[in-house]
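First chain A sits with chain B, and in the next complex the same chain sits with chain C.
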Partner chain A sequence: MADVKLVNISKDYDQKVRKKKQPTKKAVEDINFVIPSGSFTVIVGPSGCGKSTTLRMIAGLEAVTEGEVWIGDRIVNDVKPGDRNIAMVFQNYALYPTMTVYKNISFGLENIGVPKKEIDARVQQVATLVNLSAYLDRKPHQLSGGQRQRVALARAIVKRPDLYIFDEPLSNLDAKLRAEMRNELINMHKELQTTFIYVTHDQVEAMSMADQIILLNEGNVMQIGSPMELYHRPQNIFVATFMGTPAMNILPVTEVISLVHQTVKPGESIGYRPEKARLSEQPNDDFFWVKSEIVTTELLGSETLYRVKNKFGEQHVKLTEPFISTARDVYVFVKHEDLYFFDENGERLEGVNTHEHHQQYALR
Partner chain B sequence: MKKSLKGVEYSLLAIVMLLIAFPFLWMLSASFQTYIEIIATPPTWFPSSFDLSNFMAAWQSGPFLTYTMNSVVTTFVVLVLQFITMIPAAYAFARLEFKGKNICWSITIICLMIPMQLIFLPNYLLFSQWGMIDTYWPLILPFATSAFGIFMLRQSFKQIPEEIIESARLDNASEWKIIRTIFIPVAKPTIITVLLFTFISRWNDYFWPLVMTTAEDARTLPMGVALLRTTDAGVPWNEVMAANVILVIPILIVYFIAQDKIIKAFTYTGIK
Partner chain C sequence: MSTINNMPSANVAPRVRQRKWQQALVPYALIFPAMLVFGLFFIAPLVFMGILSFSKWNLISDDIPWVGFANYQALLQDAVFLEALTNTLMYTAIYVIAIVGISIPLGVWLNKNTLIHRIAQAAIFSPHVISLVSVAMIWMFIMDPTNGVLNVVVSWFGAEGIGWLTNPQIALYSLIIVTVWKGVGYYTIIVIAALAAVPKTLYEAAALDRASAWRTFTRITVPAITPTIYFVIIINIINAIQTFETINIMTQGGPINSTTTLVYYIYEEGFLNFDIGPASAAGMILLGILMILTYFYFRLLGRKVQYEQ
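Take a look at the complex of A and B:
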């Protein structure tokens, strides 16, 4: 069991090219974070944000350009991947194609000279754990996607590593299987009580599994915190719009708007989540309201998603009860404490009225 | 519609097969014919008897046991050497980054394009200066590695996803262990095919041994067969054909054993 610590980590893929030409963007730039021992940490971000690069630097598959990677009390920058005592599960499973399931699982143990008897016992035990006992003699191409995924998991578990690393392991599975595997992973984390680092571009996966989320964008850390913290107290527009589906509505402000507790200046933005808004046929001055018209309506069963248009542009409103109206003009209204405010750089303005309220939200 | 297309397909296949098989069948038939039968016009299609006298005569017309041994030894050593040299080279080209990689690769590709007729003279001079003419060396050393084999193997190594190798590295496997347990098994069909091509070209080669050997006891089987034709009393075609059958049999046996692997090497689509 060990903390993972990244100190001023940068990754520059074309360092050699760089010297000759003008500087281009680094894949990962000066990031710092700590992954506490035993946590389930999800590194999330849009594609190209540097999350896989970060993960691969922790695993030792990618050299670190600058900074230090700590696992426990040692710097592992120059430690071979095999000597870091970590196990990795890849997106495409990366099973050894010509080996049987048994060999796939036992390969890592053989390489470090575990006695044959012990290997056998451990393989059988892990195979039972992931329901693969009947398939030990099969080759990977004779297995279904879900079974291959389980082999990849078994291969990781059998090594009893200090650290599990997952690189988008569920993205090749269909939706139903993905939900199942998500639960299995959460249970696995509870049972193994080991550090999990999990990379995904899917914020739903991040929200449902993580106890700590590290949100990256363009090689920089946007925010680190629990899923609820990121959802209720995003530090900037990027975090606000990345977490939650549909994304938070951002209303660019072009003229001074005076609200109950503060004034919003041009250049700043107001944000509200689609699920916090309501629709009505009359304005109501107890709330923040905007005259709008409904563009489209999507019935999703348990909820209804409206796309509305007003002077701020288009926004989403999500209601649990369908809103039926014949009026041409409708009014979107949001409680003042459910509004978010961002400055002209997209940073959230803290200390305005919503702040305390959302802290309560996070704690509740 | 479909049925008639199938018919066309099969008849085309039959024609191609006949074209390929005919010389073989005629060779086989001729190897059993008597001298009278073989010079008859119109040609004899089926020999009157199936005795092995032509084979005996061909075998005894020269030191065929020595020829065969020479062929077997040189071919076998070449195969072993190619196996040893090709795999690490292909692995390096496919997977490692090192200085001069592009230059080395260009040289390998150029080797693929230079015809043997262009290099036999400098090679001959070199071996004669080293005093190696009439030994096995000139028949082995120039073929110790194969540019074609490195090229083919590199392609098949490149198909292996990077993640599998990374997985193996995380599983504490050394580079050699990765080559042994992952690359070689995956590339097995390609390796077998490349070695089979080498086997056929070495076993059948006439030109190179002709240049590099002058003494009887250094000659290989194809030369022995060719020597049969240089008799004063007219070419005993029936015996030449019998000798050819002897020459071809090992190739046919090897081919039949490795057949499915060869098809795999050319239809291989990657790893699931």
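Take a look at the complex of A and C:
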């Protein structure tokens, strides 16, 4: 069990090229974070944000350009992947195609000279854990996607590593299986009591599994915190719009708007989440309201998603009860404490909106 | 079809029948040209050769008497034929082992995309683009017993000059060196191509599994490229059995038949001695050997080799 710590980590894929030509963007730029021992940390971000690169540097599959990677009390920059006592589950599983399931699981143990009897015991135990006992003689290509996924997990678990690393492991599965595997991973984390580092581009996965999320964008850390913290207290527009579906509505402000608690200046933005807004046929001055018209309506069963248009542009409103109206004009209204404010650089204006119910989610 | 069915019944039957008949004919018509060429230049000569192997003919006379199995019997008692057979097997075995044994390690070593590796790849590939006749000529100079480069090098080490192509104990191996030199680069490139198709994550997984370089090679690399290895083996067996040009140019089967292979024996019997009967019989035996090898090739290919992610 060990903390993982990244200190001023940068990754530059074109280091040699850059010396001659004009500078281009680094894949990962000067990032710092700590992954506490035993946590389920999800590194999330859009594609190309450097999350996989970061993960691969922790695993030792990618050289570190600058900075230090700490696992426990040692710097592992120059430690071979195999000597870091970590296990990794790859996006395409990376199962050895010519080996049986049994061999796939036992390969890592054979390499370090674990006695045959112990290997057998451990393989059987892990196979039972992931429901693969009946498939030990099969080759990977004879298995379904979900079963292959389990083999990949088994191969990781059997090594009893200090650290599990997952690189988008669920992205090749269908939606139903993905939801099941999410639950299994959460349970697995509880049982194993070991550090999990999990990379995904899917914020739903991040929200549902993590106890710490590290949100990256363009090689920089945007925010680190618990899922609820990122959801309720995003530090900037990027975080606000990345976490949650549909994304937070951002209303660019072009003229001075005076609200109950503060004044919003041109260039700043107001944000509200679709699920926090309501629709009405009348304006209501107890709330922040905007005169709008409904553009489209999507009936999703448990909820209804409206797309509305007003002087700020188009936004989403998500209601649990359908809003039925014949009026041409409707009013979107939001509680003042559910509003977010961002400055002209997209940074959230702290202190403006520090309503109690936001704070109570700060630490889970 | 519904419109046809609605027509008066008297007209229906002949038309449908005609159309079906036409449909059945189309595929045959389409493959006819290819089959014609195949039949004319492959099947017919094969049958002809089969007949000739039971006959006596000198390529000119109108009289082709049937002699039954006499040609085959004569072959089995012909010391030169038996030597040709063992030479062919020796040649093939050593040649294939050398090609596979060199091209795989070389491919693994050169499977990197740096300048030096690209240059090395081009260098070992270059003999392949030279015609075999030129290669044979060049190596005759190199292997010349008195003025050849090889013997000059040998003399630096204080050893006596070697009769590369004149010593019956050595000549066959010299020919193998030449053909391996020409062929190995090509098969190295094929091995490199196969290696490039092995997913990189397998090696990363192996690194995390603490597999040694040797275990990574034997457990991951080799199994992953077995289809290519089998391909290289069988193609080279067939190539080796058919070797002719180098022998014809460099040794003409000598000295004292030490480099006479099956193909060269057939050539000698048929086109130097004009004994078409025994030559055809030897040809049938060669065909039989190749067919057996091909059968095993496809059986192995179907069963043992599989690579699927």
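Simple rule for what comes next: the second predicted complex is superposed on the first by the 354 of 364 C-alpha atoms of A that agree within 3 Å, B and C clash if a C-alpha of one lies under 4 Å from a C-alpha of the other, contacts with A are read in each partner's own complex, and residues count from 1 in each chain.
Following the convention adopted for this analysis, contacts are C-beta pairs under 8 Å (C-beta built on N, C-alpha and C of every residue); 3 or more make two chains touch, one makes a residue touch a chain.
No experiment lies behind these values; they were computed from the predicted model shown.
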Joint occupancy of chain A by chain B and chain C, clash or fit: clash
First (chain B), second (chain C), both or neither touched by A:327: neither
Partner chain(s) touched by A:96 [first = chain B, second = chain C, both, neither]: both
Intersection of the chain A residues that touch chain B with those that touch chain C: 59, 61, 80-83, 86-88, 90, 92, 94-99, 107-108, 111-112, 140-141, 155, 159
Residues of chain A defined as touching chain C within the complex: 59-61, 80-83, 86-88, 90, 92, 94-99, 107-108, 111-112, 139-141, 155, 159
Chain C residues within the chain A interface of the complex: 199, 201-202, 204-212, 215, 219-220, 223-224, 226, 306-309
Chain B to chain A touching residues, read off their complex: 161, 163-164, 166-173, 177, 181-182, 185-186, 271-272
Residue numbers on chain A that touch chain B, as the complex places them: 59, 61, 80-83, 86-88, 90-92, 94-99, 107-108, 111-112, 140-141, 155, 159
